[in-house]
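This structure is in structure tokens; I'll ask about it shortly.
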Amino acid sequence: MDDYALGVLTNIGLFSFIALSAYLLLIAGEMSFGQQAFFGVGAYAGGILTALYGWPLPLAALAAMALGALAQFLVALPTLRLRGLYFAMATLAAAEMARILFELLHWRRSIDGELAGPDGTQGFRGIRWIFEHGIEPLHYLGIVGVLLALVLGLFVFVERSKLGATLRGIGQDPELAASVGIDVQRVKLGLAAAAGALAALGGVLYAHHNTYIEPRNFDIMLGVHSLAYALIGGLGTAFGPLLGVLLDIGVLESTRVFHGYRMIVFGGLVAVLLVFRPRGLLDERMVLWIRQRFS
Amino acid sequence: MLVDFIQNTLDGLSAGAAYALLALGFTLIFGVLRRANLSFGPAIMFGCYAATWTHVNFGAGLLLLALITVGGAVLAGAYVERLCFAPHRGGSAIAAMVASFALWMQFEELATLVMPRHLYAFPLLVEGDPLALGPFTLRVDALVTLAVALIACMLLAWTLYRTRFGLAVRALIEQPSAAALAGINVPWVFVRVFALASAIGGVAGYLVVATHGQITPMLGMWATLKGLLAMMLGGLGSLPGAVIGGLALGLLEAHSQWYLGPQMRDLIAYLLLFVLLAARVPWMTTRSAS
Amino acid sequence: MSFLSVRDVVTAYGKIEALKGVSLEVAEGAITCLLGPNGAGKTTLMMTIAGILKPRRGSIRFAGGEIAGRAPHAIVARGVALVPENRLVFAAMSVLENLQAGAYQRRDRNAVGGDIERMFARFPRLKERAAQQAGTLSGGEQQMLAVARALMSRPQLLLMDEPSLGLAPLVVEEIFRIVAELHRDGATIFLVEQNAHMALKVAQHFYLMEQGKVTFSGDPGSLAEDEVIQRAYLGSAKS
Amino acid sequence: MDKAALLLSLVLAQTPQADLRCVATGEDFVYDCSIMLMRGGRPLEGADVTVGADMPSMPMAHSVRPAKAIPGTKPGEYRARLDLEMLGEWAIKLRLDGPVRDLLVLHYEFDSKGAKPSMGGQKMEHKKH
């Protein structure tokens, strides 16, 4: 496998984490325009810990996830009672604030005689942990793949459990869910923290894959793309967001059939697809049909 | 100090006038559809690029460029309505919004395909030095922006409060099913509202690019974000609120930029929105959003 | 003769059928009344006739033409107007503008002006509040406004969905006086009511609906009133 | 930190430093690029260099198929042909294998003639007051 294919596959994996975090909120009925912020929090936190303080990547990733969970929990606390566009706008406002804070973040330390660390709009260079530890691109893809498989396994497990039914119940009718004794706010807060951790995991892996991050990596484009991937892939199963990422990056971007026209083709396809399947390709009905077919 | 304050207020009002127009366009669409149209700004960008293309290839005059901008924005708006909103009427709000995002991607790529340079010059609305008025400088293009925005608001008010179409729009904003029962052809009103909103947005877009003398594909995202922000600040779905929200955003930005710099300017605008939403101030969260 | 004819109409919300094959007739110039307990599907039927909901199956013929599944504005153009449940007046618009909205499809400006005057004559309290926002009116006044707004399209058939809902007894009597008056002036009215007692007083014919089906049809007096009331409130299953 | 110290740190740095020069070929968005690699103040030779490019605002979704660079005439020089999708700012990614393994990210602004360094990460403001 050549470097390019490895890069594309790794990007698909990285994007899947943030698409899954958008999906997690969508099935509970909340639309976030701000998942890019927690992806960014993970990227910056992980990068600072490995590049400036010499933490090993696994430990840094755990810390970054905890920080991402905390960040989204804190954003969710005052905004979870908002519905629809109000919630979306509140998350967008939070994410744009985060991006501007990244622009203001100067955290420079001298490492081996060189200044390293986040330098505002100049970005954060030299997150080189995987190079310093001799991890080959193929190995890194393996790491991303295994982590993604673990996350997907967790999703499948949760969706088949009572908690999964509760989440979908809240998404369909929060009043009804509350009336049968579900503490909707508490469940949603937990969900927000999980979504934040997931996005942060994607972010920390991205930062180390790319060695370089900068504030505008984490603007609204990333957030809305992840929302779009979750929706076109389908809201019926956690494999939906993965399918969405695969369709865009895996098929359209990498085959380069539509070199230079890709977004025109992709944009049109998405709009037309949503006319016929407003909850995506793998929506609840499709998932049910597949289950009946193959069980 | 006082001079700075007044100067900033003047600058803020003219920027706010453009924001107010963007917010009005957004609010018209949101009011009747209860859907946010993420492609609102990109449709305006499409109109501006159509004008830039004409300017680069044929060197058309200011008035013609304005007409092309508005015409292009209306055309793009109609395309968005047909593909993203007409099919999802009464259906999924999220699907409609994501579909409008998908078309945003199309507009951006189309712009960079036809005009690959990142930045193009756009003919200035007014050449020459700003007017000096005692200690204050008044930019002529800022005055033009204010005047055009004022006229546009008056025309819109007249349309909404004095015409049959306006009656239908207001009825639809308030009680969609009662409006249908009163015999209003709802889908047709939607199409016309989209055209009207895009035209207002086109006017705003033209004023902005002709004031700054340049255009980039970022205009689409910029217009969508500023329009959304001003609309939310003024209270979702209220037309007078949109004007107030736009002016308030302009003033807030002008003052915070002067005292705190450009990054803080954006930070403060988003912080204010976040705090107001979290506090659920009554004028912002009374209307049901999707 | 039958003016409105509903045949085997099925309307569903997702998988749940709210109307399971409803058939009924409304005669020209008469008041026909539809009674039934909450959740029987009465409002669903009204919304289906008015075109807000699309029937899954069945036919709705009005004055000889098929209207099932047509857009609401097209049905208004045929001469059917609905006074919706909960009135749904345009609260931020003035009383006068509400009336103008009711005449939206009419191009005869002078005649519309004349009709507004006639509405003000029939509902003097609306005239007093012509410039006031409709949202500031009392419940009874809003109901009158909703009726007047529907009449502004000069309908041949007036559908009324629970006009007495949430109103004080004296106001309910006034509303029914107006219904009787409209009938005397030649209007055809199809009325959904919870207040069976009042409805049976004005109606020439009535239907009972339970769980999405018509279960009884007759003239007032063909069934003992307390039996009708019993079934209209509670349904026959429980009696 | 004063200028001399900064210079010293660059000379002593063990992480590779890169400089890029690109000339438009005449074909749309295709550039011939020459890369100078330095390490510890000396030309870095014998590296296996792959050149890719990302769009700064969507690094995971818009990237260009990387090209292998071939050694140039001068020590530390490598040459590659880049096929971009549009003009404007690109984050150029140099992947090094061989004696040194690393990934360097540089920001360049591409126009119809060639490329010049852009101060990486500067936000392209649509509006200037």
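Letters are used for the chains, namely A, B, C and D, taken in the order the chains are written, and counting of residues starts over at 1 for each.
Heads up, the rule we're going with is that contacts are C-beta pairs under 8 Å (C-beta built on N, C-alpha and C of every residue); 3 or more make two chains touch, one makes a residue touch a chain.
The shown structure was predicted, so the numbers you read here are calculated from the model rather than taken from an experiment.
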Labels of chains that are neighbours to chain A and to chain D: B
Most central chain, Cα average position: B
Comparison of A-B and B-C by number of C-beta pairs in contact, larger one: A-B
Separation of mean Cα positions, chain D and chain C [Å, integer]: 74
Whole-Å gap separating chain A and chain C, where each centre is the average of the chain's CA atoms: 52
Length of the line joining the C-alpha centres of chain A and chain B, rounded to whole Å: 30
Chain centre separation (chain B, chain C; CA means) in Å: 42
Touching two or more other chains - residue numbers and ranges from chain A: 103, 221, 260
Of all residues in chain D, the ones touching two or more other chains: 86
Per-residue multi-chain contacts in chain B, two or more chains: 113
Contact graph of the chains (line, ring, star, complete, other): other
Interfacial residue positions of chain D with respect to chain A in the complex: 1, 9, 12-15, 50, 52, 54, 56-63, 65-66, 85-86, 91, 93, 95, 101-105, 119-123
Chain D-facing residues of chain B, complex: 11, 112-113, 116-118, 208, 212, 216, 218-219, 222, 254, 257, 262
Residues of chain D touching chain B in the complex: 28-29, 86-89, 109, 111-112, 124-129
Residue ranges of chain A touching chain D (in the complex, touch as defined): 3-4, 7, 11, 14-15, 103, 112-115, 120-123, 125-126, 128, 131, 134, 206, 210-212, 214-217, 219, 221-222, 225, 248-249, 253, 256, 259-260
Chain B - residues contacting chain A, complex: 30, 36, 38, 83-84, 87-88, 91-99, 101-106, 108-110, 113, 221, 225, 228, 232, 236, 263, 266-267, 270-271, 273-274, 277-278, 280, 284-285, 288-290
